[in-house]
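Quick one: the structure is below, and I'll ask about it shortly.
Every chain is named by a letter (A, B and C) in the order it is written, and numbering of its residues begins at 1.
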Amino acid sequence: MKICVLVKQVPNEDAVIKIAPDGNGITEDNLTFCTNEPDTYALEEALQMKEKYTESEVVVCTLGKNSASQILKEALAKGADRAILINDDTKYNDALSAAKVIANVLSKESFDLILSGLQSDDDGHGQIGLLLAELLDMTHASLVVGTEIIDKKIRVKKELENGWFQWAEMELPASISIQSGLNKPRYASLKGIMGAKKKPIDNIERSQIEITDADNIKMENVYLPQKSKETHYLEGDTDSIVGEIIKVLKDDIKAI
Amino acid sequence: MKILIYIQSAEGKINPISLESLVAAQKIKEEKSAEIYAVTFNAEIANELSKYDVNSIININDDNLVEYSPLHYIETFNQLYKKLNPNIIIFGHTYETRDWVPRLSARLDIPFLSDCVGMQMNDSITYTRSLYQNKINVDLSISSRSAIISFQSGAYKIDSLNQGSSNVELVNVDLSSVGNKIINEAKFKDSDGAIDLSAADFIVAIGRGIAKEENIPMAKELADLIGAQLASSRPVVDSGWLNHSLQIGSSGQVVSPKLYFALGISGAIQHSVGMKGSGCIMVINKDANAPIFEIADYGIVGDIMEIIPKLSSAIKEVNG
Amino acid sequence: MDNEQREILEVDFLFVGAGPASLAGALHLKSLTKEKFPDLSIAIIEKASEVGAHSLSGAVVDPISLNELFPNLSNEDFPFEHEVKKEYMYYLTKKSKLAVPFIPKPMSHHGCYIASIGKLTRWLEQKCEEAEIDIFAGFPGSEILYNENSVIGIRTGDQGIDKNGEKKPNFEPGVDIHAKVTFFGEGTRGSLTKQLINKFNLMDGKNPQNWAIGVKELWQLPEEKLPPGYVAHTLGEPLGHSLFGGGFMYSMKNNILDIGIVVGLDYKNPHVDPHHELQLLKSHPWIKNILEGAEILAYGSKTLPEGGIYSLPKLYVDGAMLIGDSAGFLNGQRLKGIHLAMKSGMLAAEAAQIALGANDYSEEQLMNYDTLFKESWAYKELYKVRNFHQGFEKGLIYGMANAGIGLFTGGRGFGIYNKLSSEHGHIHMEKPSTSFDKYDGIDYDGKYILDKLTDVYYSATSHDEDQVAHLHVVDPSICIDKCKEEYGNPCQSFCPANVYEIVDDGEERLQINFSNCVHCKTCDIMDPYQIIDWTTPQGGDGPSWKNM
C-alpha cells in the first residue's frame, strides 16, 4: 500500500507572533519552526498502518520553503521511507491554490491513501486533504478518529457534531484528514535519525510545476485583533450583582 | 449579487451556526442589495425559514439527502451553482461543513475562505480570518467571480436576524451520477471521547482564586446549570485538581466560546492568549488590578465564594 | 542502572552539548584527523530540539578562536552583528549616569564583535554538517556510562515517560552511546559534569566555582536609537555596591537592542531577584528613554562561571575531558567566554588526536589537554585575571580596586597575593529582612517593565507537562520546616522563571512549575541547602531561543 502523508512546517506553538514592519504578514526572524502538530498524528497513523501492512511505503510530502526539509528529515527519522519537498515560498492565501500545486506533484504517483492533519496551526484552513480528494478523484473523510483497512477499502470513524460519531466505509484510493489525539506520535530514535540520512528527499521546484496561481485572494490587512473593549463593571451588593449577571446570561448570552 | 446559503439541520432542528451565518448573509444583502437563496434538504425546515428575510427558500427533497452524505451534497450544490450562478455561497463552519465543503470548492473551482470571524463592507467585501491560533487577524479580498465563505460560531449573533417572509421553491436535482464509494453507517454516541473545549459554546473557567479543591464542585454546578463546559487556568491543573485536558492557555487549549466566565483567574498572558477571542468575557476576581479585567466585557470585583452559590440558586429559580 | 534493553551506538568521539566548545572541538578534531582517519565518527548530542535553542549569552566575541579554526575566512565571514565601534562604561545613579572616561585596554572590546550565540552556534552547526559530524538534537545526556573508573560514554534520556514515572505508549528508551573519549561541553553547571566532578573529586585543591546569573531581553527599537557597534556596560544602580555584576546594552542588527544584567550568585541578601533587577535597570530614565516605542521580542537567562582559572576543575579523567563553561573557561573581567570555550574544545581535540595516535584514552594520555592548555594563549589570558572575581567578595569598591591594581601587577590579588581563594556562593546568604523593599516601587506597566510571568511567556519555553519534574528537590519538607525561617524561600526570588512557588492550599508546600524552566541552573547553584538537583528534562523541551 502506498501512503502519502502531508506535513507542514509552522512556527512553534509558543512563538510570539509579530506583524512585519511592512504589514505584509509576520516577521519570521525570531521564530523557531516545527512540524504542524496535527500532522504528527497523521504521520503516526501512517507509520502504524505500515507496521500492520508490511508491503507498505510511506512517503512524506510538504509544500514549503527550503527550511521545510527539516520536518521531512524528522519524518524520515520516525520511519517514513522517502520524502518530497515541493520547494515553494509562495504565500498562498487560500487552500485551493496550494492544493492544485500539491495535486500536480502527487498525481505523478498513484497513492492508495493520502493522510493529512486536520488543519495547520498557522493558516488553519482545514481543507487540503479534501481538496486533494476532489482533484485526484479519491474518496474522502474528515475528522477521522479511527482507521481500519480491509482489502481495497478503508473504514474510518469520524467525529460528528455534538458528541456523535459515525463509521464510514470508503473505496480506495482515499484522502483522509486525521483528528488530533487518536494516537500517540512516536519519537524519532537515534538510529532512525542516522538512517534518515540515507533516505531520499526529492526536491521539486515550484517553477517546474506548470500551474499559474489564480491569485484570487489578496491579503488586504494584517493586524493584531483589538477588541475595542469597554469593561462594564457590575457593582453593588451580592444580590444585585447576581441579578445583573442573570440578566446578561438570560438576555445577551441566552444561556438560561 | 446573489448569495446561496446552506441551512444545516439535524433531527428537525436548524443548526444555530447556520442561522448565525444567515445574519452575515443579510448584512451583505443590506449593504450590497444582494439576493439570498436559502437552501435546505428538509421540508419542515424550509417552512421554518419562511419567517426570515430571504428572497427565496430552495427545498430539495431527495432520499439521498435526508441523511448527511458528502458526495450527494456536493453534486447537489454543483447543480444548484450551475442553475443559479451565485456570487457567494455561505455556510456555518460546522464539523459537517469541514467534511464536504472543501471538496465542493475544488469541484466548482472557486476559493473557499473557511472559518471567517467577520467581514468589512468597503467597495468590495473583505473577510476576516484568524491566524496562528487567534494570534493575528487578516482581512482578505476576493477577485474571482464567486467564492465560498464559512463563518465561525459566534462571529454573528442570532438576535440580529431580520424577520421577513418568503416562499419555498421546490427544486429537483439528478443525483444518479453519484456513486456509493462512501457509505456512511449509523451515528452513535461514544462515552470516552476526549473533551474538545473548542466546541463548547459556554465555558466556566476557574483559576487560583478557587483556593481549594473542595470548592470546585461549586463551579461545576454553575457550569452545569448554564450548559457550560468546566475548564481552568494552569495553577488549578498544576495542583492536580483538574486534568490537563481542561487547561486553557498557551500550553493548553485555545478557545473562543460565546461566553467565557472566568472565576478567580488573574489573567496572566499565558492564560489570556487562550481565551481573549471569546464572544463575551465575564470576570469575577477579588483583585481589582488583575490584568484579566482589561479584556473583560463584564467585570465584577468580588468574592467568588460569595457570589457563585447565590448565582447558582438564582439560576435554579429562573430555570424553574 | 535499570533493566531496560537499550540500543548501543558506537562512535569514536562524543561531545555532550552543542555549544561553541563542542562545535569547535568537533570541527577541529575532524580537520586534524580526516587524512589519517577518514572514517572517524564524531557525534554531538544536544538536549534542545535544535542547535542554538538553549544558547544564551551577551555577547561580545573575541574572534581569535574563530580565526584559528577558520584560517581561510575573515571576520566578515562570521555571523556577527556588528564590530564594536563605540564602547561606553557608565556608573548609574538613580536618575543619571556618569561616564567612565577611560576604559583600560585589557577591558576594552576593541577588535571584538557583537554577536548572538544562537546565530553563531547555528553557523557552526552548518560547518559541522558539511564536515559530516553527526549532531543529534533533542537528545539530552542523562547518565554517564562507566567501565569501572573509565568513562565509556553517555546514556541519552528516555522519552515517553509520564508524570508518575510510567511508560507511555510511545515510550522510547534512551540509547547508550559508547565513545573512546567523551567531551563534556554541557555549558554552565553541566548536570553530568557535576556528577563527574563529584565522583572523581575533580575540585580537590581548587577554589570552589562561583557563578553569576545573566538575565536579558531583546527589544525591537522603532528606529535606530543606538549606532551599530554600540556597547555599553553599567555599574552602580540598580545593583549597588554589595552585589557583584552590572548591566549591559549591545546594539544588534535591525535595530534590535540586547539589554541585560549580570548578578553574582554570592550575595548575602536572600531577597535578591535578578529578573526584578533587570526591570529596575530598564526603569532608569536614560534607558527608559531608549526603550520608548520598543516592543519586546524575547527574554532569557543563564548562569555563567565566574571563578576563573583557580576554579577550573581537573580537566580530564580516563575517557573524558571537560570543555567550555562546564569547566569554567570564562574571562570574568572581559566578560567573554565564547572564544575561550572554543579554544578549550580545540585544545581537547588536539589531546584526543594524540590519544588516538597512541590508541590510549587513559587520563595519563588525556593529561596532554592540560599541558596544551597551560602552553596556550588561553592560559595566559586567564592567568592575568585569575583573581578578578575573588576581589569582589568584599564589595564593589574593593573589587574594582583589585581589578585595577591587577592590571599593573599581572593579576596579583590586591597587588600582593598570587592566588586569592574563594568560597561557595550560596554560603553567603543571610537571614531575610522584614524591611526589604527595593522591589516594591517597580512600576509594572506591562509594556516596558514586565512582571516575571509575562517575561516567561517571551522566553518561548515549554515542556511536556506529562513528565516527571526535571528539578529534583531531595527533601521538600526542608522548604517549609527550615528554609522559610532561615532564608525566606529565596528560590522564589532567584529563579528568573517563576518555577518555584510556595503555595498554601490548606497546607504550605513547594510547587515546582517545571514547565517554565529556562535551564539557567541558578537553583542548582544558589539553593542554600544544596538540595536542588537540576536534571535534563525530556529531549527537545526547554526554551526556543533563536537569536539570544
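Operating definition for what follows: a contact is a pair of C-beta atoms (placed from the backbone, for glycine too) under 8 Å apart; a residue touches a chain by one contact, two chains touch by 3 or more.
None of the values given here were measured: they were computed from a predicted structure.
With centres computed from Cα atoms alone, the innermost chain of the structure is A.
Chain pairs B-C and A-B differ in how many C-beta pairs are in contact, and the one with more is A-B.
Between the Cα centres of chain A and chain C there is a gap of 37 Å.
Taking the mean of the C-alpha atoms as each chain's centre, chain B and chain C sit 48 Å apart.
With centres defined as mean CA coordinates, chain B is found 21 Å away from chain A. Counting partner chains per residue, chain A shows two or more touched chains at residues 13-15.
Within chain C, residues 457, 462 each touch two or more of the remaining chains.
Within chain B, residues 250-251 each touch two or more of the remaining chains.
Chain A contributes residues 12-16, 18, 29-32, 34, 184-191, 193-194 to its touches with chain C in the complex. Those residues of chain B lying in contact with chain A across their complex are 10, 15, 70, 94-96, 98-100, 102-103, 105-107, 109-115, 126, 129-144, 147, 159, 181-190, 193-194, 202, 225-228, 250-251, 258-259, 276-277, 280, 282, 293-302, 306-307, 310-311, 314-315, 318-319.
Taken in their complex, chain C has these residues touching chain A: 7, 9, 49-50, 53, 134, 136, 138-139, 156, 159-160, 168-170, 172, 175, 177, 218, 220, 254, 295, 297-298, 457-458, 460-462, 539, 544-547. Chain contact summary for the complex, chain A toward chain B: residues 11, 13-15, 17, 19, 26, 93-97, 99, 121-131, 133-135, 139-143, 158-161, 163-171, 177, 181, 214-225, 227, 229, 231-234, 238-239, 241-243, 245-246, 248-250, 252-256. Looking at the complex, you find that chain B touches chain C at residues 211-213, 234, 237-239, 244, 250-251, 268-270, 291.
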